[in-house]
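Quick notes on the structure that follows.
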Amino acid sequence: MRIELNGRPHELLEGTTVAGMITSVTGSAHGSAAVVDGEVVPRSAWSDVALREGQSVELITAVQGG
Amino acid sequence: MTDPFVIAGVELPSRLILGTGGAPSLHVIGATLTASGAAMCTVAMRRVDAATDGSILDVIDRHAVRILPNTAGCRTAREAVQTAQVAREALETDWVKLEVVADERTLLPDPIELLDAAQTLVAQGFHVLPYTNDDPVLARRLQQAGCVAVMPLGSPIGTGLGIGNPHNIELIVSEATVPVILDAGIGTASDAALAMELGCDAVLLASAVTRAQDPVAMAEAMALAVRAGRLARNAGRIPKRFHAQASSPTEGMALL
Amino acid sequence: MTDPFVIAGVELPSRLILGTGGAPSLHVIGATLTASGAAMCTVAMRRVDAATDGSILDVIDRHAVRILPNTAGCRTAREAVQTAQVAREALETDWVKLEVVADERTLLPDPIELLDAAQTLVAQGFHVLPYTNDDPVLARRLQQAGCVAVMPLGSPIGTGLGIGNPHNIELIVSEATVPVILDAGIGTASDAALAMELGCDAVLLASAVTRAQDPVAMAEAMALAVRAGRLARNAGRIPKRFHAQASSPTEGMALL
Amino acid sequence: MRIELNGRPHELLEGTTVAGMITSVTGSAHGSAAVVDGEVVPRSAWSDVALREGQSVELITAVQGG
Amino acid sequence: MTDPFVIAGVELPSRLILGTGGAPSLHVIGATLTASGAAMCTVAMRRVDAATDGSILDVIDRHAVRILPNTAGCRTAREAVQTAQVAREALETDWVKLEVVADERTLLPDPIELLDAAQTLVAQGFHVLPYTNDDPVLARRLQQAGCVAVMPLGSPIGTGLGIGNPHNIELIVSEATVPVILDAGIGTASDAALAMELGCDAVLLASAVTRAQDPVAMAEAMALAVRAGRLARNAGRIPKRFHAQASSPTEGMALL
Amino acid sequence: MTDPFVIAGVELPSRLILGTGGAPSLHVIGATLTASGAAMCTVAMRRVDAATDGSILDVIDRHAVRILPNTAGCRTAREAVQTAQVAREALETDWVKLEVVADERTLLPDPIELLDAAQTLVAQGFHVLPYTNDDPVLARRLQQAGCVAVMPLGSPIGTGLGIGNPHNIELIVSEATVPVILDAGIGTASDAALAMELGCDAVLLASAVTRAQDPVAMAEAMALAVRAGRLARNAGRIPKRFHAQASSPTEGMALL
Amino acid sequence: MRIELNGRPHELLEGTTVAGMITSVTGSAHGSAAVVDGEVVPRSAWSDVALREGQSVELITAVQGG
Amino acid sequence: MRIELNGRPHELLEGTTVAGMITSVTGSAHGSAAVVDGEVVPRSAWSDVALREGQSVELITAVQGG
């Protein structure tokens, strides 16, 4: 299954949840969050929301700034 | 004398808040956090980048400093609100430094979008600390909207021009019902001291430390300056006089 | 980083020098000496007065602070020289803060009498620290005369007007061959920090502390401010810019 | 013997030295010095210089100032 | 050199605009109009009062000065819009100085209400000259809304504090697409000259003239100052230098 | 209102004095003399140079402007006195602008040599107008020496930094018994207006006009600014206020 | 017929128009305008709009200001 | 006869006065003055003072300045 992650194509196993995707990409459940097709996914729903083919995902974390 | 600094019911251990942008390395950020004893530090929200070594979050964790995500880079209320929401999920804090700037050249806040975003975020349960210009009316409006602090600029971000309009800062302080944090424009220690003497409750700065030739020494300078300015404000300075007043006695002069 | 402050070969433990005039009591002086960690404090020379309770000298002794007698109240080189001589015999120090003022209203130094007195005292073996105006030429002349420091004013004594002409202080610093001590005019902590940022080696102040509503708190504020200003000077501040410069990254923005 | 001390008449025993006068007035040999008829008397000479009838003496010490 | 001053296609004969409030009498207003050669003067809109002797309108007619009604006293966009409509019917002009202030103490513009009123009035065919704060972003927004000039303050109305933040005025001027008129805060002639040197196209002032001890002399002073500042701006001033530069030749010195 | 400007019993038709150094050509000098309506202009004294085309003296004659020779370039009282004597013989005037500077970098007056030269020249019957620093004590000493005016600097020659220390200028003015002429440092029109508002009797400037991009326009600007500042000083400006004061009436508001 | 004019009772003849009212009160058709029951009356309509019993009228002119 | 004029050798006829020298060099009796061997020569004495071989003369005039 292919999604767009931060503007680039990204392969995921079918049924990967937001929680799974975040952990697999960042190695941690902390410090980042996702916007799926323009909607911020609440942390409490990460394990329940499965990603789908073609979705656009922004995976965002904290960087130096401000 | 106890002189606690409290935002939204949370007592912070220092009146200095550091931005972490512009530092040459994570190591330097850690060292400036130590040297400054900062209460809190800001971070920006950006795409996860696999190429990045280490994380600002680890540094902040190690120093046990409170984190304050910002919405830097946002131009509209909509973007800023969404960025704040992402930050809340990512960092598990509902505090946010709200920035909605109007253009790249000045990075000045857009008053309309800023107030709109503040109202929305307060309604969503955020604790909003807005980066605002030095307009006392906008500061009042932001307080009425439920912001837990107001953060007027001294001068535009990164300019080091200090406090361009002390009169406005004094007007904001004189009627503030939440903490006033001088944010942006600080160039050197005396600017930070002046901010506190004008009655600000705290100072937020980034470039002045992170882009100084010696960031760690400047971090220490800022910590001292903020304390100096706060103490001086509370100590009740002497009035300004046009003519001199002797500090040595005029009686008891010997006949020489 | 070691950053010793040395006058005439003597290393002083602090870059803050306190005047003791204007304080409400000897007790307060003691407390401000403690709070400020001052390196040295000034005294005036006056007739012995049997009616006086306690002595400033006991206070200074107890705090192990170096004493610096002044020639306050003198209007001519002759008076100032004789006062310095008396101070040397009384206090067993050949250091003297040389003041020769021209009038009561401004207490500004008389440049002609001041230079004359400085030349005489140097010839008599004194270590002369002249209170001077902010004229770079007079400061140079005083150095050529052999003074061990120059002490330009920020503004007239007791006015609290701060540093009236930073450009002159910078000119003096840029060519000084002895320590430059900002003396007179300081009103609050940011003034003291600014003096150090302009490159002064130390700050001497009296009224700003002794006449503050809370002298002890202000003494502590000044100590912090002097350290802050010195650190900031050495840390290399960011340049002033007309336009803004972002402190958060402009890359990696999410599409929201 | 009468001198003028700090602008007022002051009685001293004949032969009182500067050292004696200073100690008797201030209770200490430290912290003050004298100007006799316009001349500063060096500390090293205090024990040698006797005061004389009618001399004008300024006895000076440190006070808060500056 | 011709240097016409044009608003909304109308060339005005002077870069000075006078407010008429605060003057001791209609006679004085007439005299200040003559002395200043003002291009235009403002009036407020108030209830007809039968007890009033004479009318400001007669004075303005006699001096053939353009009239600019304001919306002083209005706190909301709604009030300001209606006041502008009344003024248009009463005075048969669609030019309006738009004021929407937030409170009595500062008389600062409310940015949200101001922009809202400006948008509404432009849509109704008015030529809107908004009294705004010195925020470059709000100035830009007002221009985008179709205002025919922007009128940033120097400092709050009637304070005489001059131009509190020259940097902001320069930023506004640097990107303005309509005339920039410095409005409010001017205290004396050098303030007006400075406004023009910063690049403003004109100056609007009231209290500085009407409340001066000699309003007519001050009116003349302001007229000269505005011309002086404009000429100086266009003449290209010398750059500021840290060190001196001789104005007499260094060659050809005689051997004396 | 008559407001004559008199030095040493001579009424001058303008409060602006021009230096002629730094101008690109004699033609430009002539044009700036016309545009400024200057009362008097300075010249330096140098060796006759056969290679020179035309003479500044012809230009000055044609414009019927009073000539004021200076002693620019002199470092000692002796040189300055001799230069003044030469000027008296050459130009048949006993008026002299006395300059004794201490170094090339700052061109600041040497207070000791300046006072010495002033005393000597007064004794020789000269009318001495000394270029001095902004020290009120030196200004007083120069007046006591018999100078017919004092000419304190705003900032060093040619820097265009304006009036670095307005407080000192006010102190000088407050006790002056002869005209005070602000000399050196003026950069633009508002600086000249400010000098007059501080109470100076006249302004002397050179580089600000001669080195401007358009010297003739700047000359006119300066003439207007000096008049504006003088009028404003005499008109009695409004006091500075912390809070706003409405210039439109607060009564008579319609119910809208 | 009674209206409220600038917050006070004011008697008018029946059928008085806005134009008539303005001229009678101010002596001129120039320099003032009226708001009737919260609506600004355009100058072009003054002669057509008759005032009615009980209406609230704000009659406004220019004064020194700004 | 040779003098030094403004630092350079200059030939003059024997007996030339200061007045003569000034007029011959500058073409005018106005606008300049001379210092001869360190002494300023008063205008009133110009016609009386003859220059002598080897004297050092500074001939000075007004230039743009100040």
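Residue numbering begins at 1 within each chain, and the chains themselves are lettered A, B, C, D, E, F, G and H in the order written.
Just so it is clear, a contact is a pair of C-beta atoms (placed from the backbone, for glycine too) under 8 Å apart; a residue touches a chain by one contact, two chains touch by 3 or more.
Model, not experiment: these values are computed from the prediction.
> By CA centroid distance, what chain is farthest from chain E?
Here the answer is chain D, farthest from chain E.
> I want to compare two interfaces, F-H and E-H. Which one has more contacting C-beta pairs?
When E-H is set beside F-H, the one with more contacts is F-H.
> If you take the mean of the Cα atoms for each chain, which one ends up farthest from chain G?
Most distant chain from chain G: D.
> Using the average of all C-alpha atoms in each chain as its centre, how far is it in Å between chain A and chain G?
Each chain's C-alpha centroid was found; their separation is 67 Å.
> How many angstrom lie between the CA centroids of chain C and chain H, rounded to a whole number?
One centre to the other, that is 55 Å.
> Between chain B and chain H, what's the gap in Å when you average each chain's C-alpha atoms?
Inter-chain centre distance comes to 72 Å.
> Taking each chain's centre as the mean position of its Cα atoms, how many Å separate chain C from chain D?
From the centre of chain C to the centre of chain D is 32 Å.
> Using the touch definition from the top, which residues of chain A touch two or more other chains?
6-7, 35, 58, 60, 63-66
> What parts of chain E, by residue number, touch at least two of the other chains?
19, 21-22, 44-47, 70, 72, 82, 86, 106, 108, 161, 167, 206, 242, 247-249, 252, 254, 256
> In the complex, go through chain C and note every residue touching chain A.
Within the complex, chain C contacts chain A at residues 247-249, 252, 254-256.
> Considering the complex alone, what residue numbers of chain D touch chain C?
So the residues of chain D touching chain C come out as 6-7, 25-26, 30-35, 40-43, 58-66.
> How about chain F: which of its residues touch chain C in the complex?
Going by the criterion above, the answer is residues 102-103, 106, 108-112, 115, 133-138, 140-141, 155, 161, 164-165, 167-168, 171.
> If we count contacts the way the header does, which residues on chain G are in touch with chain F in the complex?
By the definition above, chain G touches chain F via 6-7, 35, 38, 56, 58, 60, 63-66.
> Touching residues of chain F toward chain H in the complex: what are they?
These residues of chain F touch chain H: 19-23, 26, 29, 42-48, 50, 52, 55-57, 67-70, 72, 82, 85-92, 97, 99, 206.
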